[in-house]
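The letters A, B, C and D name the chains in turn, as written, and every chain counts its residues from 1.
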Amino acid sequence: MEELSQEFLTTVIQPRPHHSHKGTFGRSVLIGGNETYGGAIIMSAEACLKSGSGLTSVITAEKNHAALHARLPEAMVLDWVLTQEFNDLVDTADVLLIGPGLGLSAHSEQLLETVLQRQKPEQWLVLDGSAITLFAQNHYALPYPEQVVFTPHQMEWTRLSGLKIGEQTFENNQAMQKQLGATIILKSHRTELYMQNVQYKNPLGTPAMATGGMGDTLAGMITGFLAQFKDKEGAICAAVYLHSLIGEELGKENYVVLPTEISKNLPHYMKRFERLKNKTEEK
Amino acid sequence: MEELSQEFLTTVIQPRPHHSHKGTFGRSVLIGGNETYGGAIIMSAEACLKSGSGLTSVITAEKNHAALHARLPEAMVLDWVLTQEFNDLVDTADVLLIGPGLGLSAHSEQLLETVLQRQKPEQWLVLDGSAITLFAQNHYALPYPEQVVFTPHQMEWTRLSGLKIGEQTFENNQAMQKQLGATIILKSHRTELYMQNVQYKNPLGTPAMATGGMGDTLAGMITGFLAQFKDKEGAICAAVYLHSLIGEELGKENYVVLPTEISKNLPHYMKRFERLKNKTEEK
Amino acid sequence: MEELSQEFLTTVIQPRPHHSHKGTFGRSVLIGGNETYGGAIIMSAEACLKSGSGLTSVITAEKNHAALHARLPEAMVLDWVLTQEFNDLVDTADVLLIGPGLGLSAHSEQLLETVLQRQKPEQWLVLDGSAITLFAQNHYALPYPEQVVFTPHQMEWTRLSGLKIGEQTFENNQAMQKQLGATIILKSHRTELYMQNVQYKNPLGTPAMATGGMGDTLAGMITGFLAQFKDKEGAICAAVYLHSLIGEELGKENYVVLPTEISKNLPHYMKRFERLKNKTEEK
Amino acid sequence: MEELSQEFLTTVIQPRPHHSHKGTFGRSVLIGGNETYGGAIIMSAEACLKSGSGLTSVITAEKNHAALHARLPEAMVLDWVLTQEFNDLVDTADVLLIGPGLGLSAHSEQLLETVLQRQKPEQWLVLDGSAITLFAQNHYALPYPEQVVFTPHQMEWTRLSGLKIGEQTFENNQAMQKQLGATIILKSHRTELYMQNVQYKNPLGTPAMATGGMGDTLAGMITGFLAQFKDKEGAICAAVYLHSLIGEELGKENYVVLPTEISKNLPHYMKRFERLKNKTEEK
């Protein structure tokens, strides 16, 4: 199992093309945030926007709209009822994220089903949090598994794979990834990535990051990276690595690192690695 | 086609007169922000206020008021229903901006029609975003075209001018500007300005600015500059140039520049160019 | 007419007594902020709290509560309906401020009347903005004029005093102050203070401060200073002077100074002048 | 009576274990914030989260949710009606805090009763503000007094203990603590801690901290410290000492220290003391 390294950042985070506009960097549509867990989708949106997604829309319970706009006027919002507008917005997405703060209600289930049914072959789909639990409970099929990313922590992976935590060995996890056909980001203090033909281990991460919302932030970063970068496997690897790298850096000065602090630092860190790449090449 | 330059900033951004009060720097009234795109008008308001408009009022869907006040208590708010209060507020404006997050509903159309009907000869009117699309669809007439600014991106310009993107040459654009009689700010990675007797090209801009909300921020800056500066053509040019200049500067340290970061930096950058002017004159 | 000076700051802003608690620094109750001008009372509350009032409560239209709490969880809120709770809260105040964003409705009038009726001899009362206009329209009487501060700008002073702007000379203003019996803070680019036995002129102020909300911020500072400092005349003078001093300082680096920036800098500036006093004495 | 000292910080604030996740650092459930005092529970939540609680949920009046999320998307929210969801959330807690902004209504009383009835032997319970007053009025019994912390100021302690302020001597307070069986944090400008077998005095604290919300912030810190640190007595002592230490430090540059500024500085200060401990040991 290879280790992720800084090279993923310098390879993926390229100078942006000069003749570009917001559409060039992708449309992200994020679905989640019920009456109790609204903060989760707000944190995902923050990570998605600040990682450079061209356009970011959030479909969430209406009670979360004011807080989202107060923090992030850059995001667009839609109430999460199943209307034509919902379908239309889902259809425009380059990347869809569903799950942060979604909850396990019948309504959440309907939203997930609709998204799974509507996914088009060119769209990427990230499933996080309760979307993974609902997916596992209902034994849904994936129309385009190779365009899907699951981001379970170990208990969610148990639900999805049937593997108890003690059985989550490299071989078993790899076998389950093959069966599902999707990319698996298995989160723990040393996150593992099971991709189509390769597996990585993340060498970074600090216990200062062990606080609620870190996963929502990672899911938002993966979405933002998929939206704008062409090398999709590289984009996922870079997002996972950068999330931990910023956490470790901030953790040197902070006993606990809040997820929103990671997002706040994204534009600056991404620039640093874009520049590093250029400097290396100029030599 | 001339290029915009820093001289527009040092010429337009003058030391403020000592015997002045908030009325001296203009009343701006901003209209937009429906249930989904509330963030757009919040971003415009932020840019308008931080560029120095004396008084800034925002007419928007009520659900956006709390977020606007949480970010910007300096702005006044009014629900966007067509009441006497709406008319009265529109009448007090020195500059009107309509469009950011306005949407394309029948209600949005009514708001636009009302504003076009009420515009007085001394008022400036900026049309942005969906107001441009609605204007094009409905073939409205402009009572005072020489007091009107359109800020289309290329697709909106197609709708307004009938020119396909491939046909948007200098000559064709100029001809259409003559026909409309209004100022056209044609946004792209190198924005072009078609004014009554002169045309400019903006040499600045960075792909780090290619993110949702940049146009809303520019529209707010143009509004704020028109509200307070006497040389209206200069004000528009200065707003366009400064928007990109701040974006480029922030882009040196940030992979993506969020629109609200541009606004945050306005008071400081404007001071820099006021001072530069004074220094030059002192020599 | 004497000029305000830094000495007012070093005299008034004393080291706080060691054996103190939040009650020591006064209870401020602020009333204002209708459906349109909610931001005004939020700005007053921010200034009041950050100038050191021990407890700050805001009575405002309910739609403003979320924005106020998002910015200032330190403030308490009450809907501005005339209930027993309203009366009880007014009765607990050491200082009452009414007016910022109050509006001119019949309801606003009722609120003002209630406050004027309930004022107790030991309570200070600050009337700002539309409260001044309503007061002038209705020819109310003041039960304890020597405990009242009016903070009109020139047009509001015309309404209150009957003096046209051209007639607002030192002698006329002084005569009207004698007649009203209250303290008058006549705001302009060089604010004048008409107090019981003395008059001052504020030598500071910059056109960078000519933006909506500056008056609301000043009213909040006066309230906070009255709440905590024993020398009431000195407290008012210090608040007026410090408001302009911070504005001038920030104006050196900012083309426009937003009111909330003044409030943000209050704790730091007040400490500076507390320290300056101590240093001088130590010599 | 011993004095608290920096040693409590370096002893309690240990490097976090490498193999940890958010559950390792505890689940905190905070209950309070009625229609008027919503800010209180927001301040507690801020302190709890920023001191490193793994998961933080807030049960409060629904009108406070938007402001809470706008400031703190990391927190989860639940309306404070007595539903099954309420019970379920209370049952998951490692530490419960009830009281900040709770109010004295019949509903507040019901919430408190429910919490007292549901407390499990392994759960810690912090009672603050109006929860103390309600507890005193109703003569409730404590099922697990040794797992309970009261944080009264002197007037609340009068209600709880029956001791008038003049009678609150060391001996009397100690005797009342023995009778109650719970830990008492008696807040004043020199806070006293009455624990099972030991008593401490806090030598720190500055009058700059005498402003509304300081107690809510302290209660949130105690909750966050109890959630994550094993030595519970040490955790309480460390929270009290650090709260004042940060206040004193910020008070050197600020005439008044707002409670939310204390919370903002928590991650950085906690890291400082973790590091100090390590440095000392390395010698």
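Everything that follows uses one rule, which is that a contact is a pair of C-beta atoms (placed from the backbone, for glycine too) under 8 Å apart; a residue touches a chain by one contact, two chains touch by 3 or more.
Only a predicted model underlies this, so the values are computations on that prediction, with no experimental measurement involved.
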Open item on the list: Using only Cα atoms to place each chain's centre, name the chain farthest from subunit C.
Closed with: A
Open item on the list: Over half shared numbers or under half: where do the identical copies subunit A and subunit D land at their interface, same or different?
Closed with: different
Task: Intercentroid distance (Cα basis), subunit D paired with subunit B, Å - done: 49
Task: Approximate Å spacing (C-alpha centroids) for the pair subunit B, subunit C - done: 34
Open item on the list: Please output the residue numbers of subunit B that touch at least 2 other chains, ranges allowed.
Closed with: 66-68, 70
Task: Residue ranges of subunit B touching subunit A (in the complex, touch as defined) - done: 35-40, 42-43, 46, 63-64, 66-68, 70-71, 153, 188-189, 207-208, 210-214, 252-260
Task: Touching residues on subunit C, where the partner in the complex is subunit D - done: 13, 16-22, 24-25, 49-56, 62, 65-70, 72-79, 85, 266-268, 270-271, 274
